[in-house]
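Here it is, the structure, as structure tokens.
Naming follows writing order (A, B, C and D), and every chain is counted from residue 1.
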């Protein structure tokens, strides 16, 4: 794998992911973005792991906004200079995605970040405990959503300290 | 009149208060030397005194779940053990305050009282660092005690006495460091193990178990343990100097020899990496004890052929 | 394999003495580019407020009393400042400067951290205005 | 005997647990580790992070592009420059401008100086965890040299603020050039000495050899990055794989070791210092002439980009999305400590308690960078009930002998 050039790497990935791709773009020379359906995610990730294409760098979760009504998940795979991103869009109201833990065990903390930051339900992820946020953070308040209101995020302790119960 | 002199000997000079003071001074010297080796400034001379005065003045917090009597009494036992041991040792080059046949063994066991108290103190609390520290303290006690004792018995064997004072007199014209170098090294390193100085400080390794057995101690209790350690440092150095470095004839002799030894201890402390507890035990039993025993064999054979 | 590999350092340290700097008694010279308490010069200021906008710590406030008469008061919170130097870069008129020598800023009085630059009379107006709103 | 943290859920079994942190002498940053011990042997490790979570990713969304740079610079106190550089490079990519070559070279130069600073700091901390304070004090003393250099160049010892969108703020004057060369010469000589100590000191070797060994397969499977991966023989270095800033013109040699233990991690980092010294001299020798800054508009065109950089601790990953306004739409930061942290807990099991601080420091963790929570459960089946004092002592003795 090390000796392959950037083009070959991207071509391999593009060819391999083609069967699931809804849309394939190359926004930058070293990148390949593949939009796939949420239902194809497990198959695509399993395939990437199977052909040993790079490693999962991280999962980025984005809120596309209230008007758009969708959340976007970006699974970044890196191999040398090449970055392949699997883009999955899920509805904001019913944010649900299967866990890829069975293929990549180190993914647990990225998934837990998505759970608490964006309010995404992730099926079959081994641990759904709090990751970043305090233990007394209110339920159902997701800071990385665009309609997040800082006043909702007052933890009981903060409220007590600020004198407004 | 005699009782008054005895009282003064024990409480003021050279035992008691003066001994505590000297203990703190030696502790300071040790810290200062290590600091200088590490290119630091180090504490000023009154730092250990200030530390102890502050600790003595402070409230002693009784942690939850301890046996209170034991908690209060253990530091006292530790310090009094060390102070009692000083009576049989030629402190500051003076004759021992009191002595009897076989006081060498008694002294060594009085010195162990401190370690034992610390182990018990650690085991007495619910704190997990204390418990691990106590386990390690006692594990270490079992490992260094035998080689240390054997190393001190070497000169006693030649001097044909079990009395510290007599061995000291005998050692004045017999530098045992030359005839029993292994014993000297083992005794010195055993002393480091006893005082839990680096690299044998696994029982109080701050990066793992905070302060080991002492974690829950504060105020007076901690101060007494500290003072006990200071006293033990002085006694230990005097013993090794008296046995191996040509005895202690007068105060100047004492200061020169013990400070030299302390300098050596400080450099070892600075230059060595902390040993894991299993490595410490391995070192003592595999090398320390075996080497001392080998030396015994040589000493006995040589003695036998000469006699 | 050797024992005590750093003994040479130890001996050298004994001879040379500690390398610690005895701060209040000995001071090292701060380098020319060191950033300390911000200073403001009214002469060229146009009151554009870019420094205020770009300040990541909201330490700067340019109070405009009269734009035409160039009556600006520059309110600077030293305790908010992170000394990043962005304001100096943002200012097109070179009104701002971070000198290298005024860095001993510790004080027990919170009021000392609030610095006003500008004409004395204008500063007084701003201060009075604040006092009125505060009451 | 085993008491439990009230914030934790009911434990599945009673074990003797040693908590380390969030306040603990071994950790200079907050993190809470719990090691279940069997005598002195660790059978299970868990960690709870998040004590210094400051919501930077969200905070950047409510700041302008310019203010964002200074906020991300404060993700980490040690490798602040790489965060700002990654951010600036990403924003410049989005804005469609490129910083002038001289600015890029200075960015790389400061980044390499920072690498020296970070590696020497790590060397000291790791030595301290092993109880070798001598090396700690000396490596930190010598670290002052590079910190003074950085202070001279950028104006600050940490959080240098050398970057600005579109370039750098600070130039290298001939006097500074000379000062850097002198400093690097001194540090190179000292580093040679430290390499000798790390490789040859018997006592130190006893604490590092064959401790926390991670094989190449494990390293690749766990996706570790940076020196931790390179110590296990994985040649992963973004400076080589995807050169950024000025690294195209100043190629880097990847330093790897094959042993994968703590000792290899020491050797890799110290050897990387020599590579860094070489790079600094190369950059100074061929510093391009020209401007320091190009103008970047206040509004960044809509778009998204990914920027990866080799921080001192490993790969730093930034995803930046712009909606076309004056503020970023989303900035995602993945710091190198995160993928490495999982390896710590994996490696902890089966080692001595005394090795824990060292294994933990072996990856050069940065909690303020990282702040996440991981739980690793092992399959060690020797589960015991509450430990009695006798049992504990017995186990301590057995483990010791």
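Points worth noting:
Keep this in mind: a contact is a pair of C-beta atoms (placed from the backbone, for glycine too) under 8 Å apart; a residue touches a chain by one contact, two chains touch by 3 or more.
Everything numeric in this text was worked out from a predicted model, so none of it was measured.
Ranking all chains by how far their C-alpha centres lie from the centre of chain D, first place goes to B.
C-beta contact counts were set side by side for C-D and B-D; B-D has more.
With each centre defined as the average position of its C-alpha atoms, the distance from chain C to chain D rounds to 30 Å. The geometric centre of chain B is 42 Å away from that of chain D, both derived from CA atoms.
A straight line joining the Cα centres of chain B and chain C is 54 Å long. Look at where the CA atoms of chain A average out and do the same for chain D: the two points lie 24 Å apart.
Residue positions of chain D touching 2 or more other chains, listed in rising order: 134, 138, 141, 201, 203-204.
Counting partner chains per residue, chain C has residues 3-6, 9-10, 19 touching two or more of them.
Residue numbers of chain A whose C-beta contacts span two or more other chains: none are found. Chain pairs recorded as touching, per the definition above, are A-D, B-C, B-D, C-D.
Partner chain D is touched in their complex by these residues of chain C: 1-6, 9-10, 19, 31-35, 53-57, 82-86, 89-90, 98, 100.
Those residues of chain C that touch chain B in the complex are listed here as 3-7, 9-10, 13-14, 16, 18-20, 22.
Chain D makes touch with chain A in their complex at residues 7, 50, 53, 55, 57-58, 93, 220, 222-223, 235, 241-242, 303-306, 308, 315, 317, 319, 321, 329-330, 332, 334, 338-339, 342, 371-375. By the touch rule above, chain D contacts chain B in their complex via residues 1-3, 16-20, 24-26, 37, 40, 127-134, 137-138, 141, 201, 203-204, 206-207, 352-357, 389, 392-393, 396-397, 399-401.
Here chain D touches chain C in the complex through residues 63-64, 66-71, 73, 134-135, 138, 141, 148, 151-156, 159, 161, 164, 169-170, 193, 196-197, 200-205, going by the rule given at the top.
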